[in-house]
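You will see two complexes here that share chain A, one where it goes with chain B and one where it goes with chain C.
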Partner chain A sequence: MNEAPFVIIGAGPAGLSAAEILLKSGAHVVLIDRSDRLGGQLTKQTHMFFGSEKQHASKRGIDILKLMVDALSGYDNLTVHKETTVVGMYKDKTLACLKGETYFKVHAQAIIVATGASEKALPFENNDLPGVYAAGAVQTLMNVYGVKPGNKVLMVGSGNIGLIVSYQLMQAGIEVVKLVEAADSISGYLVHASKIRRYGVPIEMNKSVKRAIGKTAVEAVELWELDEHWQGIPGTEEMIECDTICLAVGLAPLTELMQQIGVEITFIGELGGNVPRINPRFETSVPGVYACGDVAGIEEASSAMIAGKIAATHALLNAGIEVDKAESSLASWRQELQGLRNGPHGEKVRKGLEKLGVLS
Partner chain B sequence: MKPENVIICRCSDVTLKELFDLFEDGYETFEELKRIKRVGMGPCQANTCGKMVQWEISKYFNIPLEEALFHNIRPLTMGVKLKAIGVQADEE
Partner chain C sequence: MIEKTGVAPSALVKKEFPEKIVLKKPKAVIECYKDIPCNPCETSCPFDAIKVPDDINHRPVIDFEKCTGCGICVYNCPGLAINVFQLKDDKVLMKIPYEFSPLPKIGKQVNVMNRAGEKVTEGVITKVQNTKKHNKTALIHIEIPSAFLYDAITIEVKPHEA
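Right after this comes the complex of A and B.
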């Protein structure tokens, strides 16, 4: 079996920043990702980031990715397994991995879980018709593979993903017929919403999909208004022609590996659902297993970058490895994290973290 | 709404109507639904259907989402050919 002091699962913003910290210490790091390219969701984020300069604000996601991957070059203490899925996690910190047809195991001293999140689906009639997509999948099709998902899109959900993907659809020459939101207000940044509104996309609140219509693929969608309990109101139906229904209705942390070894999981709606109970050091209920980034609660990529650094530093300290200026670095990262979570858009996250008991 | 046309589990083609029928029959937990209908046992491993199942349980039995328990998750998360495991075991 392969022995590794530190294994990181997931090479998105959290995993990559954790890797850099671990590598600097000289420790051997194994970085595993199921995709054929490093960067996680950054690989398709062609838009400029907000947030803080320290987390590369005003740069495009795809360019931030290059910086983060470049920062790992030149280290001979790094082993990267791309196109590799961790299919099993065991209590002794053995990971079962699958790379194509090859099955292998890695035994770790400490594991940093940075597996991110998956997109939530929505139950409505005919929700299995071709043409019903999750927004992130649409973004991957367009921005990674250069494939148009359709020609006339209804967007469901006004979070930043719904807003940004709407704009990127328009950039690709695709018509966005309408954006609907089940809640009574826009949940993403208003600057993104204003932009697509200026391009003529109607944004309507308290509305959702009643059913998709079509024989072999989506041809139209029936929308309806929702009451305060998010139940459809009969008589308010409206029909819209479209060939694509794009669901941007939230993300759910990918905690399945941690659940396999009995990491304590708790349901916190504000953080996306089932999340690991972590402490302020980003360590789970199983010592030596850390969780950071979206898998520990849905936030922005910039927060994930900082969380990765904090988790990695604690993993090193716990392993008895000295870290230069650990205390002051940790203090300033915590401050940066707090800064990103300030303001009205951080309210949900702050509430969730309060429930988790780790609001720093 | 016609619950027979709402797909909850795409991997095993389980509809909302089938969930409702099981609820009527007295099955109340994700774990039970999974054993009977294979919800959450396909390639998505409940990453797509799981949240919808939790939501429907919570709505039907009028319990908070926090109490609509998730199913147990065990290794492996995806299909692995026995041959691949055999080869690895031989090497070890």
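Right after this comes the complex of A and C.
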């Protein structure tokens, strides 16, 4: 029997749910996260989650996180490395980790990559001025560290992140002067849009940032209307006073580590960009290396939790470890996952998975 | 239009309301206009009044006969898309979800806003429920003039004051 541990990179909802499955089987698990707290994106979600009860809908992200972390307590087959970044991955499944100034190596029998995604930037004049933030960074400042990013915010992007972060800014007593979107309709859930609209935030389509204005920090922003090719239309410029420009223009999977060991990566716009080519077992083109959650395609915490369970179960089965009721659990998780993706908002993901050839 | 602004036009809003005679008793009105994978409204209702039929992506459907207007779904809906309305004499009694601090005080006169965030009238806070089970989404009771039944949706929150 292979005594090396199962290593999970990333302790967001995907990594945490994978950990629980692995631990239950008695396998030795090493969970690594570069942050000082477990939970990934959940650490800053103070709002109630949508979704179904099975994935803790209606609870707040931070409370879901607590449940998931509590589920890992009491296992002596778990080793957690916080504030530890996996900086290198080798073909023999050895990982190079950096904790503070110290390097160490872990050899794994199987690796579950659950590194999530990074926020996309937006090119415009002066986008490096202090006061231009990604939405996730704003959320971390506010909800994790209790720091106000500014007093008057322009939000860019009408996906759920832009809508929800706008709402959270208002809850922190910060004015959201406007939310603009380049496309011609709101891309997030209408319920989230209506929620900020009724508190007075104008939501405007076909608009984006032309440039940020300010000497040492953002003092104002110049917006302009976009044509159907998303090109700015001269003469439509509009100046708005604000001290913060918050960008919620999408996420890109963090696949760099997998590229180091030659995992096949393919570009699928619907899934957020470069994603690993996984099979229905969430295994990449390198046997024993699995990818689940946002790193395998931008979706939701609810789907990441289910994906983590499926990936972990297959990792165990492939390693020859018996899993209680594996078949029936896998079938019901697949059904839940499919259920979540069924609606119009799941269309993009469905299309992406179809291109990947793994639409179940 | 709602896809571009987030504001439901009044024709759409009115379709979600029961007839006025039904509103002699408090009833939940659900404004969840698009299919999303979500169902806490259904699972939280102790009276089995809300169904998300067949597929979690479908829109919820309410049975006004079963609904008691208790307000439980109001603070369990992550979209804050449900409010309770009741017509009483020349007033509307509303129960709305509220997640800003400080919470308004009972007896306070407040500005009442429409779905576009504009002030439409004034109202009085009659009750504030915020126990552990509300889990930080308070249930605020407001009394407003009945003429604004289809316009009123929330109370004003001023930035920097919160």
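Note that in this section the second predicted complex is superposed on the first by the 356 of 360 C-alpha atoms of A that agree within 3 Å, B and C clash if a C-alpha of one lies under 4 Å from a C-alpha of the other, contacts with A are read in each partner's own complex, and residues count from 1 in each chain.
The rule we apply is simple: contacts are C-beta pairs under 8 Å (C-beta built on N, C-alpha and C of every residue); 3 or more make two chains touch, one makes a residue touch a chain.
From a predicted model like this one, the values you see are computed outputs, not experimental measurements.
In the superposition on chain A, contact of A:52 is made with chain C only, not with chain B.
Applying the stated contact rule after C-alpha superposition, one finds that A:118 touches chain B and leaves chain C untouched. Look at A:87: by the touch rule set out above, it reaches chain B but stays clear of chain C.
In the superposition on chain A, A:274 makes contact with chain B only, while chain C stays out of contact range.
No residue of chain A lies in contact with both chain B in one complex and chain C in the other.
Considering their complex, residues 47-53, 57-60, 63, 151, 170-176, 184-186, 189-201, 203, 205, 302, 339-346 of chain A touch chain C.
Here chain B touches chain A in the complex through residues 1-2, 5-8, 10, 16, 45-52, 54-56, 65-66, 70, 72-78, 80-81, 83-85, 87-88, 92, going by the rule given at the top. If you check the complex, the residues on chain C that touch chain A are 2-8, 31-40, 43-44, 55-58, 76-81, 99-101, 113-118, 135-137, 153-154, 156-157, 159-162.
Taken together, the chain A residues at the contact with chain B in this complex read 1, 85-90, 96, 98, 101-105, 118, 120-128, 210-211, 232, 252, 254, 256-257, 259-260, 265-267, 269, 273-274.
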